[in-house]
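What follows is one structure encoded as structure tokens, with my remarks underneath.
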């Protein structure tokens, strides 16, 4: 672990010293041994603050949207999940590839529930790879297990399940803010004047948010699990997006987002040959 | 006076006869305040994941009905009696702070006042602290809740019962047949609990913070912030609200609901100007409100050290880090 | 630790002096609408019983609502025995709804909120009112007050400008009612046909006029950029910041210092403002 951490620090230090990157985004310490926080290091002498351990959990790519027009490249430690998020942002025209320097760090799995969903430990794209790729996790046989549990419910049961689940949503929008697919410049939920999204906390307004977000990101979700990790109320948010992904998989064959920056978004295209079994 | 633990259910049922009882029950192992059904086992092992502010300042609260055609406006008020059982010292202090904000120094908030008048608090002193608890750095003690109507201290097979107010006396009268003399045997270490997690809340922290309003540390501290409202909504003392309305034809209802100063539309004006346009200004305003502005206005620190924001922040931001930086006069690094 | 700035408790009362819920509007009637400029209208407001909704001091605020649309805070530009007036520029959804009202329509009103111009402190002084565009709206309440209490104040000068003649508000006041009772100096930014008055920006005109700072208080309201340059001019002319008074705008929801969003530092604009001296603003964080 520490050898890899050393490699990361050296790489960041060199990038910053050579002026290749303006700053590097990685993980740093907190007051708790089992937690890290994203850090943004500008000074080469500060590269020693980066840590790499089983608690380097937070996905970092979304922070690129805070600085869309950087003077210099932004260095970013990139695992499989970060690289899929980068592809998401590239495909959605949110960032430019030449504005980022991706430091590939194959991941050995972190201590987070979100990593149990992981299908891609190694960065798909990178500018430099700091160590040899890890073995990919076991085949994602369980990818849609949870969706199957929900599908097994009757429509009435499902209605009650989601209603009760979303009663506890506090609409802090952490799921949205951490999500690389939630990259609208202004979210419909923040446009309070339009009346699209009521601000009051009620089952219906909570559900409207959940459903709207699910459909907006459903065909673009990279299944990183960040939404569920950040949810202070532990809501099973991916149960919705994965349902949409599962349906798309069943309609079109293998469909997985963020594997490249060019594949079409299934719900974002129009095709006369679209299957219309549901009509 | 003490209440034997085997009489607790009886005591709660007596309360339930007189008012709604709200107490922590287990939700997948995590304690949450719920309206007690008279059956559920109280879950008193740790503090609740959400604060009790909802009892006084609901997530959404109807204010008045109106009719556009007739011009009728009718106030909606809720005057139900509520007793909250098992509330911790930090959350008791948070209610005292909300009292400052809603009842003092200017206008009295009618909605809050009605609910406050109807609320009785039965606090439970802590027998252990969570690793993110830092209330004793913020000038309160996990062992006592002087602002509660009644304070219970765990003494192993019984709770000592201390009444602080007239509302508290009412409860002890209600419980008269259940209370016994203190035996004095303390088998559990209640009364000497300290927080392991410390924050530097020096007396001059408000002035120091305000003086560093333009400090580059706010850039550094806010970089990892996601700009979500998690910290605000799980905070026992965040009380910002929005006022909105729901229309049904000619009639409608005005409501207020929790809002967060971390949201992008919070301070944006009608013309588009926003005095706090990015997460740096928003986080700074939130921290300063907690640790400086409220002191300057009401003479007490708004933050009660419950640690919920430290525990739940998706980016693992830590308000105590800002306090340390300020108190020690050092520059933020990394 | 600095002394806390506890404000005295305020009891919200209705016109009869009965305590009321400060967040509850009362329904009032718009009895007259005056079109000031293409995007500014003045609304004269009265209770259904023909009384004024409340009795504001100059500079105080009113929360006006169009039921079903929203609420926003406006300064009360004038009052009489049985009405109050607010002048409102169309900038967003609510103000658009207000502009589409007709005389006789109902609106919600609550207030008065905030502090007011320091009418006592400036007694005996000469007053110079400087306004730009819709910025004359809050100032108008004080000009009217000074004219009603003419003997309490020295000379009165009103210096007001806008982009064009069409954008000048309160034309009947500035051209008819006031000139006989105080000195009125009007300017527009650019020359136009039919205008034979002064042409130029407000700060420049202010310097040209070379007002003496001697025993004079200035009330300065307008767009931020105008305030900035006027303040610089006033400083050059020898005025002190203690004697320059302005009003602030922030987004507001409750109007009673609770909901949070209008704070600048530890002050709430709705409660501790909107009237501040320039020296008071210097003590607040730069977040306006």
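Observations on the structure shown:
In this document, chain identifiers A, B and C correspond to the written order of the chains, with residue numbering beginning at 1 in each.
Convention: a contact is a pair of C-beta atoms (placed from the backbone, for glycine too) under 8 Å apart; a residue touches a chain by one contact, two chains touch by 3 or more.
Quick caveat: nothing in here was measured; it's all calculated off a predicted structure.
Most remote from chain A, judged by the distance between CA-atom centroids, is C. Contact counts per chain pair peak at B-C. For this pair, chain A with chain C, the centres built from the Cα atoms lie 49 Å apart.
Between chain B and chain C the centroid-to-centroid distance comes to 38 Å (mean Cα coordinates, whole Å).
If each chain is reduced to the centroid of its CA atoms, chain A and chain B end up 32 Å from each other. For chain B, residues that reach two or more other chains under the stated contact definition are 242, 259. In chain C, the positions touching at least two other chains are 92-93. Those residues of chain A that touch chain B in the shared complex are 28, 30-32, 35-41, 46, 49, 58, 62-63, 66, 170-174, 176-178, 186, 190-192, 198-202, 229-230, 232, 234. The touching residues of chain B, when paired with chain A in their complex, are 28, 49-50, 59-60, 131, 197, 220, 223-224, 226-230, 232-234, 242, 244, 246, 255, 257-260, 263-265, 279, 312, 314-318, 320-321, 333-334.
Only residues 63-64, 66-68, 71-73, 75, 101-102, 104-111, 203-204, 206-207, 210, 213-214, 239-243, 245, 247, 252, 256, 259, 261, 266-271, 275-276, 281, 285, 288-289, 292-299 of chain B touch chain C when the two sit together in their complex. If you check the complex, the residues on chain C that touch chain B are 1-2, 4-7, 9-12, 21-27, 48, 67-72, 91-95, 106, 108, 249-251, 253-254, 256-266, 271, 285-288.
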